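Below are structures written as structure tokens.
Here come two complexes built around chain A, the first alongside chain B, the second alongside chain C.
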Partner chain A sequence: MAAAKTRSSSFSGNLSSAASSLGPGLKCGPNGTVLLSSGIPDLDKILGGGFPLGSLVMVMEDAEAPHHMLLLRNFMSQGLVHSQPLLYASPARDPRGFLGTLPSPAASKDDKSRGPEPDQLQEKGLRIAWQYKKYFGENQLNFDGQRDGKHKYSNEFNLRNPLERHFINGQRVDCFSIQDSPDLSILQDRCTTFLSQLPRNDGSISCAGRIAIQSFCAPQCVYSNMEWEMLSFIRSLKNMVQSSNSVAIITFPPSLLSPSFCKRWQHMADTLLSVKAIQDDDKELAQLLTGYQDMIGFLNVHKVARINTQVPVILEATTFSIKLQKRRYLILECLNQAPVDGSSGTSYGTSGSCSSSSKTGNLDF
Partner chain B sequence: MNQRSSNLLDEALGLDQASEPWPLKGRVVAIEDRVETSGSFILHHLLKRSLSRNSSNVSIFIAFAQPFSHYDRVLRKQILGWNLVSQRDNGRFFFFDMLKLQCPVGDEGITPGGGLIALYGKIHKTISALPEISQKNVSIIIDDLSLMEVAANGSSDHVLDFLHYCRTLTSEFDCSLITLNHEDIYSTEDGSTFLLQMAYLADILIKVEPLATGLAADVHGQLTVSNKGRNKASNFHFKVKENMVECFYPGRSRD
Partner chain C sequence: MAKSICIALREGALEGELAPTLTIKDSIASPFGLQVFDHVLSQLFSSILAGKSPSQGLILVSFSRSPSFYLELLKNKGINVASSDKRIHILDCYNDPLGWKDQIVEISSTVTVFREVKHMDKLFNSIIELGRGLVGGGKIRFSIAIDSVDEMLRRASVSSVARLLSNLRSHEQISSIFWLLHSDLHKARVTAVLEYLSSMVASLEPSHQLANGQRGDLENFALIEHNSKKGKFHVRFKKRNGRVHVMSEEVHMEQSGINFTPLTSEGAINQGLVPKVQFNLQLSEKERIDKANVVLPFEHQGDNGKPLQIYDGRRSLVDSKHERAVAVENVQTKEESESESESDRQRGEIIYYRDSDDEMPDSDEDPDDDLDI
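Up next is the complex of A and B:
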């Protein structure tokens, strides 16, 4: 929700600049950063609120499954719902076609309820308090605003319903195919132009932008063997994003890079995630974890952005299972060990981590 | 701010004694980190020590990784009532923003590594222009070398040349050179020569690594300090906080 926070205090100084008003889809984060949502409420919670403006997010793909596309879709939809300008680059011939697959925000009726029905509670509350509505004033607007998907910081997206056309048309959406570019200068120029509309200055941030680059080193791209040029591009994109009000997300298949360059790319990222496919019918994993049947993959959080601070973010868990609730909502869950079957005599698996080594052989320790 | 508690890291570097010649004078310190454990907190720590030591110390910070505002915010939390902006205005802190430096591709013949040569010239000029007393107390800090390699389009030779030139400054002006690089970006076949060269060049080598058991909330990793000058090697655990770094031996929570 758009929150206009005004603080009157005797302290002046640029440290409190974030107190000024923020546009839709933005909220204040720690250390003077401003956050925007990833489009996946569970991921926002894991990362401490969302992606900070000025950060670079990198996602390592798994060649066996297109789960990174789920992350991209939700990220892009969230931006469009909040009217945030978007630049999308992909190796496909017609990247605009991808926009047709973006999910729409879940209508409040379909909202999966993790607790008691919110509607009923609100109505009860209304019945009692309706005469006091006149005293609420501004709060009442927020209250109604909760039901309207647009003003929420973060939406649940229904992957089965496509995003309404009006979100895409008439918006600053720029799509670009990187397949035939002989080098990265065109993409660089497009990014520069896009980001020049979103300069960062001390003051209110009315609008933040999103850049999504998919499968950056895909082999069908002409430049994909120019290792140092790609790294250079990432570095300059990171610099441009740092000094603008935007977040850039780049997905790439790590197996297509040499190990040393893969590490260099990982160092570049402020937030580093990876997705992994899950084998169907892996009996050992099925024994290890509860809810295995519903999982479609794993998400690993390797690094979380630390802006304006030197303290690293250490998460309690770094591996999460990706599930589709009711086959439409993307959720991330912590891994839970299944109860040990005493009769078979197998021992506990390693707690929570599901690296590929756990699939092989026995898991005694 | 004279009162400061020293810790194991200071001891390993010889900074715990308040002896007059700054122990890192004329020395090269190389810091190597990894994706899991970033070593930039050591740069902040050394910068803090250098600038709070005595009023004639000067630091030249060559930044490839983050803009000035990031370091300003981080250092503000380290020492209360103190900030980089005023240090910069007093001529004790020079910030060279190299975020946009990119050597043009393929002009090998004309100015190979032209940007780096210009950078060296700038550093030399800055030091020469300092008052006599400060000239003897300069620290050059580079964050970080892997990005300098990217700026030089991958030619680590140019970067090594630049570092050798900077090393001449350590003998000409007795300044200290502190660099940060990543240990895990070099493959064993060809790239490890750069790391070996740095290890050879360095008087003090600090490795920042995760624990063998992975990351934890109480212990962020381990530091291994090899101090050639004192013929000493130390290994201990660390935890990074907003305003300092806590160092302790394994099994203890403080030293």
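Up next is the complex of A and C:
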């Protein structure tokens, strides 16, 4: 039972009764929603607590990098750790094999704190905090999770350690392959049966379910050229999920869809994320951003779910870099621009890159 | 870099991973795909023969060229196929792809004829069977080269070809795969699908883009000729850590074959993700001189202390020669000012029209009268 008081609205209704009836891994969110964790604590913070129950999350993949798999792994592991039923569909021949790559939760005694920033100069007198917002995060403690030892709302996952078998075996975990289905009716039926176990009533929510569909329009699937059918499947899934206690996440490669359908799919999502690959040895990017060496990709938040409210969520930043801390923990960081030398207008380490007046392409005042 | 591609294909897949897959993509503007394919094929096969690779055999699925061409090619490269027939086998989809002929003459024992190219499942089974026949069952791996995927796409749907390729990639006995694609024969989505399925994409581009696509122009003939012998070779590697490695080389067609050389002075143009945002705030010499020459409309200033008469659109009270109505003056003065400004066109000028005559000089432009700059 991990219930935390919401801080965002000044109304504080009688949350105690509602809070006591939430199952593990759920917490109350703003506007009467119930949230569950994405498995990545940084992503939960960005999205305002987690994914609301009844929402559809879509992730746009990048054909050049497998970062969507990292998001899916954390999402699925979080569900299994909280004993939430899981439905996983993928175009691989043997989707069950993917369960073997799920990460296990990091032991709480591991040192997960972010190290001190290496750029900081220890001066006695004036200290200049370059990009001061970085220092705020160090002081904020995740006090929600520490309250009860048994069930944290969200765990950090160690990608090096596989999830223990007992989490997977004793569960309601349903995996199947969507490669050979001639049309989407089988997938539809499986989703319907899965969601019928999790109807939404006004009473307590004992458990919530998770649906993960990977690479939905992958080219090896037979139905992958039936664009209207795929769209109507997504619409019906969204409707079913809305009236049940579950969250569905669908990843898809947008480059394989026609542009109009790509737009339609994006509109279907309640929460829309996209991952992008990063180029190796990109000198321009290395000069522009700090911490480029550790980044493995970018995550963009295009849309955040608005349930029971008309107020839009405006994020401070929508692009985040994906890093693997100590090669184990997935963290998301805001992009920080490298220090720019104010006198000459170039960043450190360059030799007159763009301010030389001999180039004709620059803006010339 | 052609070398790195060959090394990646040679090293093959790690346990539990998908096989490294290469797409060689060319177009009419830079049609060296087949030569690059031959180069990669001979490099990979010689590595297999030399035992440098965990892969023990190579299956070549030939659609667009006859198997005898490949046997000749390997012989010319100094590889004796006869003694190495336990390492390579060619699946001939060229001679009789749809099974029209009644009888097929066997070329050699290294070639098997395949007659049902419309059925991707059967093709898959044949490839695996031949591979197993070559290297045995169990954990021993073999590599696959597909002459050109275009022919497969002619006869079967994109999703069945994609299924074949992804099943080959995930098969435990396959070490690496590569294929050739002519990108202008297909819609963009098909190329995107094949790039999605591969871990390395090598594309050939012309070194000089033809202007406006007009191929009949005289100037363009020279470019076309240049493009027919040289080109650019770009490779995008999808690395295991999720980053993309981009490399470029120049490629030259010669009598003896194909040559890869590092890029010359033009350099690789890296499209950064973030645009340049810095402005040029510095002045060149000429600009500095011009700036010094601009006459500012401060009436108390002037050359060498002389009071400077700034033309202000109205005759000032000092000059009593011309006593005309303001409107007429304005018309006249405008003409005069035009003639004046023509002579002064080299210099930068600021034309200032005073609001009224009875104002003190400079009083309406700077409220801080103390400042005398």
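Just so it is clear, the second predicted complex is superposed on the first by the 282 of 365 C-alpha atoms of A that agree within 3 Å, B and C clash if a C-alpha of one lies under 4 Å from a C-alpha of the other, contacts with A are read in each partner's own complex, and residues count from 1 in each chain.
Operating definition for what follows: a contact is a pair of C-beta atoms (placed from the backbone, for glycine too) under 8 Å apart; a residue touches a chain by one contact, two chains touch by 3 or more.
Keep in mind that this is a model prediction, so the values were computed, not measured.
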For this session: Would you sort A:Gln171 into first (chain B), second (chain C), both or neither based on which partner it touches?
Result: neither
For this session: Quick one: classify A:Ser258 as touching chain B (first), chain C (second), both or neither.
Result: both
For this session: Mind working out whether A:Asn161 is in touch with chain B, chain C, both or neither, as first, second, both or neither?
Result: neither
Exercise. In the superposed arrangement, which partner chain does A:Thr290 touch: chain B (first), chain C (second), both, or neither?
Worked result: neither
Exercise. After lining up the shared chain so the two structures overlap, which partner does A:Ile278 touch, if you call chain B first and chain C second: first, second, both or neither?
Worked result: second
For this session: Considering only touches as defined above, state whether A:Ser243 meets chain B (first), chain C (second), both or neither.
Result: first
Exercise. Does the superposition put A:Asn300 against chain B (first), chain C (second), both, or neither?
Worked result: neither
For this session: Considering only touches as defined above, state whether A:Ala92 meets chain B (first), chain C (second), both or neither.
Result: second
For this session: In the overlay, work out which of chain B or chain C sits against more residues of chain A.
Result: C
For this session: Across the two complexes, find the residues of chain A that touch chain B and also touch chain C.
Result: 258
Exercise. What part of chain A is in contact with chain B in the complex they form?
Worked result: 15, 31-32, 227-229, 231-232, 235-236, 239, 242-243, 258-261, 263-264, 266-267, 272, 302-303, 307-312, 314, 316
Exercise. For chain A, which residues count as touching chain C in their complex?
Worked result: 63-67, 91-93, 179, 218-222, 224-225, 253, 255-256, 258, 277-285, 288-289, 296-297, 345-346, 354-355, 357, 362-365
Seminar exercise, completed: Residue set of chain C touching chain A in the complex reads 157-159, 162-163, 165-167, 170, 189, 192-193, 195-197, 236, 238-239, 241-246, 270, 272-274, 276, 278-284
Problem set entry | Contact set on chain B toward chain A in their complex | 35-38, 40-41, 44, 66-67, 69-70, 73-74, 77, 99-100, 102, 105, 146-147, 150-151, 153-154, 182, 184-187, 191, 215-217, 220, 240-242
